[in-house]
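You will see two complexes here that share subunit A, one where it goes with subunit B and one where it goes with subunit C.
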Partner chain A sequence: MPNSGKQIGTHNVKIGLADMLKGGVIMDVATVNHAKIAEEAGAVSVMALEKIPADVRASGGVARTAPIENIETIMKSVSIPVMAKVRIGHYMEARVIEQYEKLGIDFIDESEVLTPVDIKYHINKLDYKVPFVCGARNLGEALRRMDEGAAMIRTKGEPGTGDVKHAVEHIRIIREQIAELVGMYEMGEFYRNEKRLDFHDELLTKAREYQVPYELVLYVAKNKELPVPNFAAGGIATPQDAALMMYLGADGIFVGSGIFKAENPDILAKKIVEATTNFDRYDLIRDAACDFGEPMSGTTDISEEKSMQIRSK
Partner chain B sequence: MKNIGILAIQGDFKEHAAIVRRCGANTLEIKTTYDLDSINGLIIPGGESTTIGKLLEKSGVGEKIVELYGEGLPIYGTCAGAIMLAKKIIGHNQYKLKLMDISVKRNAYGRQAESFEKEIYINVLGNDPYRCIFIRAPVVESASKDVEVLARENSNIIMARQDNLLITTFHPELTDDLRIHEYFLDNI
Partner chain C sequence: MPNSGKQIGTHNVKIGLADMLKGGVIMDVATVNHAKIAEEAGAVSVMALEKIPADVRASGGVARTAPIENIETIMKSVSIPVMAKVRIGHYMEARVIEQYEKLGIDFIDESEVLTPVDIKYHINKLDYKVPFVCGARNLGEALRRMDEGAAMIRTKGEPGTGDVKHAVEHIRIIREQIAELVGMYEMGEFYRNEKRLDFHDELLTKAREYQVPYELVLYVAKNKELPVPNFAAGGIATPQDAALMMYLGADGIFVGSGIFKAENPDILAKKIVEATTNFDRYDLIRDAACDFGEPMSGTTDISEEKSMQIRSK
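And then the complex of A and B:
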């Protein structure tokens, strides 16, 4: 039967969109003006929020998903995919923007930048047609979010600070923990071949520690990477910050406050896009790394109660 | 052995490179005009066409690709790559290479919720259907008589060739099926 059986919302098409965004920059935007600056700079997608993370941090109070009418005007103003953040565990914020007027958001971020509504349960993301991205500080968090259906992971960093330290810490932790699984797998194979003992008990125990299926742990151990793209986020403020995160193995970059709290957002946004593409060509990143004026000043002292990264586990 | 350049500005170029290597060719990531010097074919991957276009223009790589195409370089574009190769993008004034006599409409099926996969029979690939993955895919709205249509989904053109150009609006690089990359390497 030719041309029958169109399947939507499958695992392949969800991760497919995440794959298409690789090597690119996703920019947080709160207004149509921000969104146009982002598209003009070469962003691969924009993330619609009520306020950019630095302003969420400054204003305090409950941070919710952006007003539907704002998301809609942003969706109409650009041709690139549009994402929006929802609160952790808030099924209804997610359902509304998935369905809204059949326009449908392209990607949903179940995000610790907003105030979580469910301190125990994340959204069952397998149940949605639209792909989800979630934050993670370590491999266990990343695997749990994938097990719940996330099609993309982003390291959390510390959002809205302009300080890339925590983003570096989180991608390093994930790398180390992947290396641990790879080592366990290769030792298991060594024992299988040399001593004819067939066991991967260390990986089984790791799966229990991470509270995820063994198959997910085994995939990472065999392939040396996550089964979905892993972007970097949280505190990226300069072209060099973006290039550093790519160099450490990120598949792409999320940046928001770093652009719109800088002196020249339109110039800096372009430079961050160029640095993300050319991170492995030092001769080419020189141009991206100069003449953009003052970056976001940023902040380094975040007390535990103001920390966003610890809001989900 | 053939050297196939994979445009590595943005998008899923690693997936294309992996599949081309499985077909038995060498691959080279293309980011600068110099990278284009020693290739026998070029693949423009899926990704965001506005992003890829801007960086193709700024880096001068776009101009060099057009020049090399004039000297006979075979080029295959998937999705955003197909958009880059089109002479006309309906409703968008964005940078493109303008090599193939087609008009394309971006995101023609709708937003991500309308992205889909489907098994489709493609004559040039033999008797087994091909699992085509469409991600916010474009549609070829019209093609000149010089364009050979190789496959359709309903009435929409999803695979076509003209001279040394091949396009698909879907993503063979997201599957394990080598047939379309083999077709490009053998025939174009």
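And then the complex of A and C:
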């Protein structure tokens, strides 16, 4: 994958790690009990937090990376890969987490769910051994995060709300914006055969709009997808939500509050995994959609002040 | 070509007539002398007007279709196809012109250069034997005109100014908007192979935005071009202008004031034809770009009130 930092070799290894999670569900967990439910349900990874996003939202205050001893305890309690969140721009929360690389910290999420520490800069993720995942609302954000070294992208959605509308919006926008680049490339090839203007100036101008290298934009235009896996996150609360996001093009799913704020987290966790895996089998989604009790109640009423998705660009 | 009026057979014949003009130059003419210069220069057709657009602009007042006797005289003076302009929405100017079909009126231009008579409706062009050409600033306008039966589209540009900037803008926008549809289609095909959402809802929503049938949008998305020839018009004044428009994807060129407001219309007319025909041969454009004297002076200062391109939607 092309980027401005040129740490290509290691970076491709990190993307390979992200690729291995494709098609799976990654679950936010705040306790060993959560982590065991996730592993039992078939999650491909767990994300260790101090609080799940709905509780971050409810409790207010500064949300920081999880206590290191909690992350250690969770890592020891499960055999699947463990991720941890750090604040946007917090190089040192990330450096501390990176120390646990050998113990099995597989990904760091530079996440808007926590309180950002840097309103201008994201972490230079190429400079770490651990791969990073970052949120994006649109293609420009996704490409900028990749250019900084993110090995996985996820939609931001609106975390902790149980309202999947925002995640749908984000994956739709990313898809439309990829399509725009693809169309420029295809039209350019079409015209080039007629000895007319090709795609270069249009893609270059898009690269400037997105503030990323031309090569990154060209990659997307040629390949019809991001150079890293693109997961869905933020507000997924039911098996149908999970299957919808896959249908819209997500490579996998993050769920947290949607499971642990529901009536029966252990049952629902399994069902969300089933629906994600079988998103193209409507009979199996039907089975997954039954008998899990009450889903998360959720909220549709998020003021700009409380919106997490707008916390970075 | 799909449209809302369903007069498909005859309509395809009209588009065939338009196809025969591809790669050529169509010149606005107000006199027999103009017409002879155009024919001598190798124009594929002439457009009979009372005044060339720069004079329409300068003289003010209501601009109407050319006097019928002038059109007749021009038709008798040349052997190439003759077009005539009618006012937007003026069914009866068009019906009168249509009477000359057998004498050789080959196209009607429902043109924003004349004073529109109907601020809401364009002529139902499917209901005429003569094919129509219409102007467009963007893909939506182009598709709406085609849906009404236009067999050829041209950029609006800003006629009679000698400033090609607007025509460049219009062909660029149309190209970008075609690319957008192409990308949606290609992405949809890509995802359909993965059993994910295809292109239908995106193209349908675009069809609604453009206020045209889905099939018309789908045609463009699949074929990477309009179902009718797309010429460039409005402000072309030099051989390089003409070649630029071809390079950007135009199927041919309309020129009027650019020739007849120049120092040597007879020389420049030939050179614009040469540059249009050989737009991919920079050595030949170089030759065409020499020794024609002063080009049209032109103007870059068009107030909204005097803008012709905004006269219809």
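Here is the rule we use: the second predicted complex is superposed on the first by the 296 of 313 C-alpha atoms of A that agree within 3 Å, B and C clash if a C-alpha of one lies under 4 Å from a C-alpha of the other, contacts with A are read in each partner's own complex, and residues count from 1 in each chain.
In the analysis below, contacts are C-beta pairs under 8 Å (C-beta built on N, C-alpha and C of every residue); 3 or more make two chains touch, one makes a residue touch a chain.
Since the model is a prediction, treat every value here as computed from it, not as a measurement.
Within the superposed three-chain model, A:Leu181 lies in touch with subunit C and out of touch with subunit B [touch as defined at top].
By the touch criterion defined above, A:Thr10 lies against subunit B but remains apart from subunit C after alignment on the C-alpha atoms of chain A.
When the shared chain is aligned, no partner comes close enough to touch A:Val32: not subunit B, not subunit C. Once the two structures are superposed, subunit B and subunit C can be ranked by residues of subunit A touched, with B on top.
Look at A:Val117: by the touch rule set out above, it reaches neither subunit B nor subunit C. After overlaying the two complexes on the shared chain, residue contacts for A:Val273 are found with subunit B alone; subunit C is out of touch. By the document's definition of touching, of the two partners only subunit C reaches A:Lys224; subunit B does not. When the shared chain is aligned, subunit C comes close enough to touch A:Glu202, but subunit B does not.
Residue contacts after overlaying the shared chain place A:Ile302 against neither subunit B nor subunit C.
Here subunit B touches subunit A in the complex through residues 8-15, 31-32, 46-48, 50-51, 54-55, 58, 79-80, 92, 106-107, 110-121, 129, 133-136, 152-154, 171, 174, going by the rule given at the top.
On the side of subunit A, the complex with subunit B involves touching residues 2-10, 12-13, 16-17, 19-24, 39, 42-45, 79-81, 98, 103-107, 129-131, 273-274, 277-278, 281, 284. Looking at the complex, you find that subunit C touches subunit A at residues 175-176, 178-184, 186-187, 190-191, 195-197, 202, 224-225, 246-249, 280.
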